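Since the structure comes first, as structure tokens, the remarks are kept for the end.
Every chain is named by a letter (A, B and C) in the order it is written, and numbering of its residues begins at 1.
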Amino acid sequence: MSLIELKHVVGGYGGAPILNGVDIAIEQSDIGVIVGPNGAGKSTTLKAIFGLLKVTGGTITFAGEEITNSLPDRLVPRGLSFVPQEKNVFTSMSVEENLEMGAFTRRDDFSDTMAWVYQMFPVLKEKRRQPAGELSGGQRQMVAMGRALMSKPKLLMLDEPSAGLSPRYVIEIFETIVRVNTEGVGILMVEQNARQALAFASRGFVLANGQNRFTGTGPELIADPEVARSFLGG
Amino acid sequence: MTELIFFINQVVISGVVLGSIYALGAIGITLIFGILRFAHFAHGDMMTMGAFIAFLLALAAAALGIVTPVPTGFLVLPIAMVIAAVLALGIDKGFYAPLRARGAKPVTLLIASIGVTLMIQGLIRLFFGAGTYSFFENEPKEIIRIDTSAIGSTRPLVFTEPQLLMVIVTIAAVVALHLFLTRSRLGKAMRAMADNADLAQVSGINTALVVRVTWIIAGALACAAGTMLALDVTLKPDLAFNIVLPIFAAAIVGGLGQAYGAIAGGFLIGFAETLAVFNWTMVLRPLNAVLPEWLQLPSTLALVPTEYKLTVAFVILVVTLLVRPTGIFKGAST
Amino acid sequence: MIRRSLTLFFGLFVLILAVGWALGAPFTSSRLVEAAAYALIAMGLNIQWGYGGLFNFGIMGFMMLGGFAVTFISYPVNAQFWAGDGPWMLGRALIAFGAGALLVITARQSKKLGISGGWHVAVTVLAWFIAYCLYRSQLDPAAAYIESAAGGGWVGGLGAHPVLGWLFGGVLAAGVAFIVGKICLGLRTDYLAIATIGISEIIRALIKNMDWLTRGTLTVSPIPWPVPQPQAYQAAGNDLATSLILARGGFLVLVLLVLAIAFFLIQRAYGGPWGRMMRAIRDNHVSAASMGKNVTARQLEIFVFGSVLMGIGGAILVSFVQIQDPSSYQPINHTFLIWVMVIVGGAGNNWGALLGAVLIYFIWMISEPLARSIFDVVSAWSTNVGWGPIPEIESRSAQMRVFVLGLVISISLRFAPKGLLPETIRREA
């Protein structure tokens, strides 16, 4: 049984549905990457999992339980975490407070988790008293990921983690994601840098018009001539 | 020296007292704005409501024969604050929460707060009529005089016991609020939600809980502010209605959503008002001995006549909006 | 939609008849005149809020300006004032005001002389301060003199026709609205709400305390009517009730005429390109601005137009009750009452504003006698069971209507957020 499984999910923001039957299945050991053209419903899929929009058809199960249309304050304690693409740090709060907010749903001692996050992002430990709004774009992305990891998730969802970062940081962020995965956290992410992301994806999903077009491992999809021509720019 | 002491009595003491009241009111406004994104116009009436709750409790305490060295109004204040907090929660549940659930725009909530204003006003007047009441009908308002002849003044430093207690209560409330916002899990969650509500939700923060805590704090502080105002002046049904403008001015000057800004703004407006209506001739009179005949000071030399005190808060508000709309502490601008 | 309107207006008509039957025709005819004036004011707010999305919490201030205007224009001339030194002293105050204004304008231009940064701010602030002191130094003695017996007590009126006073009320409100709008429009809606509350409180403070100009809390009465008064009909041999109804009927016709003209003009303007543009701006500032519409200028127009109606309405009310009493103005009875009218009636729909105004005004007026009779019943019951009567029924029932008003708006927002007659979305072909 998969860690998370979407079966024919349909949903949108009230008007015409944006998702017209999306199927996704991921294990905890996987790095899943969703790619596709603009407006294909990539980010919408993540938001649908996280209860941020109304799912009108299909089911979403996580760790064996149905979570369709559950709200974040139920999902986070179950082991699901989400890093939005924009505005993903509390700018007026210090780095450490940002991390604490990620652990809001935990009532146990989370100092070891914080140590783990600091070990993963040493630069954050240096700047832990600084307001997150004063950090650079790459460092903010680290704060955002650190915040999401503080709840000790089984699955971390990232919405275009490399957007707006310089090439050097893009590689660094991807390396971090792989490292998080090797520490036992499943990854499901949306990426514009499709070719680069699929290269390390164990599961790849190509969406178009709110539906699955191709599914396979990342390298398989890169090798598929049709995928390459239509979705990866040749 | 006599003039200096007079200045302290007239300006510093009343400025501090007025500033304390404004600050406590403005904190509520700013917190509600930060969390729920609407201007809560019923806040003045929540203050009046709190003052009447404290008044009823004080009457009950007097009827039970409870006598303490502290004025009864302060003795019952903690209980009154608890009741006011519960009522604030009830008001939210009854009138604002259903609109939020429907996804109403902030302006709709603003209009709803007018409805709440009217209902609170109506109920208070229904039960208490239009008359004025005083907390000090059965006990004296103690006046503290400190002899200042040692520094060469003929006047003593004068303030009342309630004024002293008010400053203490305000300091206690501000320190407690500061500790809550910076140390506690819920307080940090409140700051997080004011900073970025969407991300707070995504982080799993129980936003409904934060909203409840906001109303509890706002309601309790409004009760304290209203009771203090009633203790300083008198208690009447439209006690705090005219205070809506200064407390909004304080919250905006401090930057909407910024609790510390609201405190600073409250004291700024409080001092500005007191300074503006202060009769400077009283302090500058010694100059008359040096000044030539034609430049003698008039008997009243105030920047603004007392009747137009409200103009001060308004001018500060407008200047802030024009020069720095996000306030001196850079609050939420959207 | 039309059917719904007809049903609702018919219901309103029945309500008015019922009130007339229960409380008498003279009472009802008075309330109708007032309701018509309130309808004019509600239409003003409907333009501002319903069409323009502008939050005006300062309606009371504009109504007071109207009241002052009609008093000033139509009250008989105070000969004693004009005979004394008062006019000359006021003229000097006016000159001081002009000089001060000139000084401030010069200071603001001082950038061109190479004064910049902190110095510019300092010069501007200093200019404001000097101008203020200059004006006060001339005005204060003038005010003191006029208020003394020698000065005539107050300025008095001009003795002109009251309808001119109504128009002047509109002009005065327009002037103030222009200044307020210049400063505050373009800010967020809730800031505008707070700023307008401030303006209206300041106008109230001014009218209440400028005794030399308005007689302040001493009140001015009787203010003449634009139509024959009941006494005139009585002198012609009618009995009291008939003369009251005839006179008030005459007044009502005049007010309805004003209302009809305003209504016709607004409907025409709103149906045309101007109205389309206003809707576009209200619904989406940003896209309207990007299409090259001057959003702030249009909003200023709408704010001024709406305020004109409020000024005229305020003037009509004062004319009708014949007394200008600044202490009778309360934000609850004026500003918020009108908000309830527009919200309940249906913001953005003039028929809705009209319906809401008359309906809410009648609810407002009858909830007092209604509350009193309920209190009487409860009081009789509580006396029976030995708890004693309810004290001060009179003043309590007067306050009951405030609560009723709050309840009405809360219920309306909850269950009919678009009002009884919602805005009709026209599909442009």
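The rule we apply is simple: a residue touches a chain if its C-beta (ideal position, glycine included) is under 8 Å from a C-beta of that chain, and two chains touch if they have at least 3 such contacts.
Being a predicted model, the structure only gives us computed values, none of them experimental.
For the interfaces B-C and A-B, the C-beta contact count is higher for B-C. With centres taken as mean CA coordinates, the chain nearest to the overall protein centre is B. Among the other chains, the CA centroid farthest from that of chain A is the one of C.
For this pair, chain A with chain C, the centres built from the Cα atoms lie 56 Å apart.
Note on chain placement: the centre of chain B and the centre of chain C lie 30 Å apart, centres being C-alpha means.
Averaging Cα coordinates per chain places chain A and chain B 45 Å apart. Taken in their complex, chain A has these residues touching chain B: 50, 52, 71-73, 75-77, 82, 84, 87-93, 97, 100-102, 104-105, 147-148, 151. Across the complex, chain C is touched by residues 38-39, 41, 95, 98-99, 102, 104, 106-108, 110-112, 114-123, 125-126, 129-130, 241-242, 244-245, 248-249, 252, 305, 307-308, 310-311, 313-314, 317-318, 321-322, 325 of chain B. Those residues of chain B lying in contact with chain A across their complex are 185, 188-189, 191-192, 195-196, 198-207. Residues 55, 183-184, 187-191, 193-195, 197-199, 201-202, 205-206, 208-209, 331-332, 336, 339, 343, 392, 395-396, 399-407, 409-410, 413-414, 417 of chain C are the ones touching chain B in the complex.
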